[in-house]
């Protein structure tokens, strides 16, 4: 029905000669034209799917991943309790999503930059953030790398190539594109991995970051944790599409959908994405399907918007038991070893908590530091009058008045 | 009359507005079934249905863009931005669109039905991104109204005015007082005029100007000053845009001294406009410069929140500086 | 490889039981997983593709569409010249894209709201905006509905359900979703059609507006004019994907790609989109492929970024000759009639231009009107001092001083 | 030295910066091959390649988000926003991210390498969206520097300072002067310090403060005043944040009178901060209130641009009001 010349013209018009054909019947592209399956290696019971290929993970790495998982679960549990006891003001658990963060971080090189949202403490722990470092941040004390300026869980560490977390959602997505652009320009064979939730993917910054990454072909992995909720808002009220993965096609970007509760699948997917990013300059969007088993944060009570039944139905798919079962069957760990490890994590966490609690807040002088590279004259004056004020009313500012000379 | 906290007063205002006019709808992140992270919209979806009280996707620029369109269509959208700190992705829609909609079209179209609600302010251990007081960022925007209540009675009366005012209104709620401020509030419909300040306490020696949660801080400072024998006149602006310079000027002409106390960082906070205008209008009456007690010129810190905050003691000291100049 | 139970679980997890299947082999979804053809009815020479179905358009409508096309081309040409002569400050031509605007507007009901970007003067003319109204806006005179406040081409008319144009790109996209939400809520069987360029589709507001429309299922048609350029930026530096249409799938929205230079294809596509929007509450994204034959605006000189050869290659596909040829062959118009019509448009346009030029600027008092529903006290004071000032220096403000009493 | 207009001076600054340090890159809408709609980046892609001078997709929030990430990585991105009126979609990235990047991380990370260039201001028949002067919207943001040159010499020297300053800088260019302002400019590298005002003309009777394109307007007003025998001291702030209150205060203590002349709408324009600070620091020296000549509190109109504008006559009248108070 269409002449070759017509076809050629149409192709030229769409800029990419490969892409557009002409049709003479009105075709409405259906709302879900793509069908993207979810990659899974481990079954729920920890056995491997028949025919599925395990990623190349040695015992040491597997045990490090498992230990990090157990550690994070202990940390999360302990700090939720600490918040309830009023020892810290806020906490945010990654319960049920540990495999997504740890499996992906494990597939990176240490030099790769990680930009997180706030529920990826597993990635940070895998990188080597110490329990003391976690605690110092959570207690906003003088040893916190962030100098006590942000709320708990807003970790960051330059030495570990882990960008400091920022609360406004989605902002790190175009930043990751820019960071990766710099990596590509510098010629180092590194990439940036950027985590975000399916809720944050609604922000305009998501659109900006992904489109620009596809245009510039930068080594970035966009890792979406689709955990079904944004605070109380279920994914069904967040978007009408089939999750986040099909959006990649809209940008001309590659995509992988993976079971976020299967640490091997996450590892393998991220490894392949890293290869594409670093070796072929192909940005990749990974959508990891999981479930936020905890409340959104300690400020949230999920019973207001979902049922116990729903939670129970999801709990059976949780990632840690699955991985543990695989390790047990494989013989790389025993029940007793696993339990002992967890016990030991508990003790470490508790000891560090108690220690961090005793560290004072940062010195008052820090209040004006880092606004600029050096404090402006106006800030110095503001600090001086603040000091004079505190000296006048030391009891009103008990945390800092002791240090004001 | 009923005892309500500030949140309940907001909820009651929304309830009254929705009952009164079925073109009023409320939406935002988590405001639907859950009733909002602060529960300000609690019960409204059950009562008015999912078409009039609903969740939005997580996209502030979309919430306000959508609300602008809905208002242009003739509705009265009440859009919630979960925290004032997260209103900035919507800055373009508010400053370039909402505020200019009527003017640019020669009144062919307007978004007068729009009200944007957002909690603001510190003192809740919120750090950088759950503490900001961004009113000054919007106050440079002709076409917009900005309203901030200080207690439950005001919250309900001002919000009802805002919703049905034929101009778009940014309604900022002092989240520190959501549960802390409790007072008698009429259960029925009533309004408080926009653009008018309130003299909260009469006095003769110095005028102290504030708004929202800061008024309570000023009251404490005034008590300290009273012990020194100083009589403080307290003015609550209630509206930041357009603001009631007349009431402030009248007071300052009487007292001869003025202090502004505000939460936001010092430079270019709204107190700068108040000071600039008052020194102009009251120049010959002023016995000392208009003083400002403000937050520090830094992002909002967590561990040093107490030190950062322009509390009653700093306000009291500013009053003394004004008197002893 | 995957048990039925596994499959069921996976489906449940993705919220929509129909959607997600499990795969045990790592599948990377390719960057261009969708292949969306372009719908065309008329060939370049104005003959109908074999087997293609013409939309149901009677002679009267066809001639109105054609007359509007001719009118707009005359208007655009004349006003570019007027700008060159310094009679107006700015103009923006829709040369080559007339079919997209007029064909789509013709497929709507008059009660449907149109929200434009700025290159859809054809839609406005089709709705009945008079030449006087065009001219008054272009000359920012006292009769301009917009009271002379915005630059030329920022038309708007409540009586014609055509929202006033705003310069910031993309802002009207989520607004269209909101407007359509109101239409749906009110129960009237109307929709909103929202025009924007492929450049504007990069804005965060595009993402916001389309995603929300898909979630709320509102009667809105997003009509993207993909004309290959955003000022100097070619589409190839705007996005890496296959145009704009595949993004709809990412939002779970229906899409149609159409030849924007084929007025029948545009008409048919918009008619079907309107049916889906109004009768099935299905928002639709239409991507109309065209080419911006003029410079971006009178401030632009395209020779700085594209070749004559490219322009010539595209010119052969232009929409007006194609439509005219069809009409001639059909016998609904003769060469002479068409030429006479064009000549008559020329005269009308010139007369209106001359007339509008003589109308003075809006009264000074208008400067503070419409900021709020009624001018505030502060604005009244500002106006009073402005008047006093102008009285003092009447020569410095020649356009308004005569009116200041 | 060479004769350059303001655009050529900008172009020369970019050229020098890119030649000096290969981590400097420039990008924005249409800045690549085409050289920007004003041609400020003309020739740079040819000279430094598509990796260092390139077009972006049409998304301001993305441009600044991308630039933030690139700066955090250790580069010196110079991002162009095509018009100051279109910077608002990037407001969140600038105010919540750029400005707070270093502070919130305890200096683990910073975006000090970032410079944002954008043309601002009216007088070019641009109406609502090609005329705004949005500096005040950003001046309430600790962590940001804001710089505005008034002529080609300043433009190059200040831009070179901005690019290599270890803090993020918003660099606003007076588009009305792009081609109109011509002057001698060194072809090589040189810098002008940020945060320091310049006394453009010494005088004894009244201090008039301005910045950017407005300085020229003030100069014309000062000429009119000179004919009345009034000696005007003119101060060009050059930096809006941090701003040089000391230089202004010193001058006002000498002259006893102050006027600010500014393009932006009156309420909450940067002149409010100047007036508020000066009345505080110079209270006992002031013989009349600090006066402000500003745009009207309306969106920027087209047909009435001349009437709206705070031109030399309005500035001259403000000077007279200050003197005759």
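Per-chain numbering from 1; labels A, B, C and D assigned in written order.
By our rule, contacts are C-beta pairs under 8 Å (C-beta built on N, C-alpha and C of every residue); 3 or more make two chains touch, one makes a residue touch a chain.
Given the structure is predicted, the values throughout are model-derived calculations rather than measurements.
Undergrad: For B-C, which listed pair, C-D, A-B or A-D, repeats its interface with over half of the contact pairs the same?
TA: Matching pair: A-D.
Undergrad: If you average the Cα atoms per chain, which one ends up farthest from chain D?
TA: A
Undergrad: How many angstrom lie between the CA centroids of chain A and chain C, rounded to a whole number?
TA: 40
Undergrad: Return the distance between the CA-based centres of chain B and chain D, expressed in whole Å.
TA: Distance between chain centres: 30 Å.
Undergrad: Between chain A and chain B, what is the separation of their C-alpha centroids in Å?
TA: Their C-alpha centroids are separated by 35 Å.
Undergrad: Using the touch definition from the top, which residues of chain B touch two or more other chains?
TA: Answer for chain B, listing residues that touch two or more other chains: 57, 59, 61-62, 85, 88-89, 92, 96, 100, 103-104, 128-129, 142-143, 267, 296-299.
Undergrad: Could you check chain C for residues that touch two or more other chains and list them?
TA: If we look for residues of chain C contacting two or more partner chains, we find 147, 149-150, 154, 166, 168, 202-205, 207-208, 211, 215, 237-239, 371, 378.
Undergrad: Could you list, by residue number, the parts of chain D that touch chain A in their complex?
TA: Its residues touching chain A are 25, 51, 56-57, 59, 61-62, 64-75, 77, 89, 92-93, 96-97, 100, 102-110, 112, 142-143, 145, 166-167, 195, 242, 245-246.
Undergrad: Please name which positions on chain C make contact with chain B in the complex.
TA: 113, 115, 144-147, 149-150, 154, 156-158, 163-164, 166, 168, 171-183, 185-186, 192, 204-205, 207-209, 211-212, 215, 369-373, 376-378
Undergrad: Touching residues of chain C toward chain A in the complex: what are they?
TA: Against chain A, chain C makes touches at 1-3, 6, 9-10, 12-16, 19-41, 43-44, 49-53, 202-208, 211, 214-215, 217, 228, 234-243, 245-257, 259, 265, 268-269, 272, 276, 282, 284, 289, 291, 313-314, 317.
Undergrad: Note which residues of chain A are touching chain B in the complex, please.
TA: Spelled out, the residues of chain A in touch with chain B are 89-90, 140-141, 147-151, 154, 166-170, 199-200, 202-205, 230-233, 237-239, 299-300, 304-305, 361-362, 364, 366-368, 371, 378-379, 382, 386, 389-390, 392-393, 396-397, 399-400.
Undergrad: Quick one: which bits of chain B touch chain A in the complex? Just the residue numbers, please.
TA: So the residues of chain B in touch with chain A come to 29-30, 32-35, 37, 54-55, 57-62, 85-86, 88-89, 125-130, 266-267, 296-299, 301-304, 306-308, 311, 313-314, 317.
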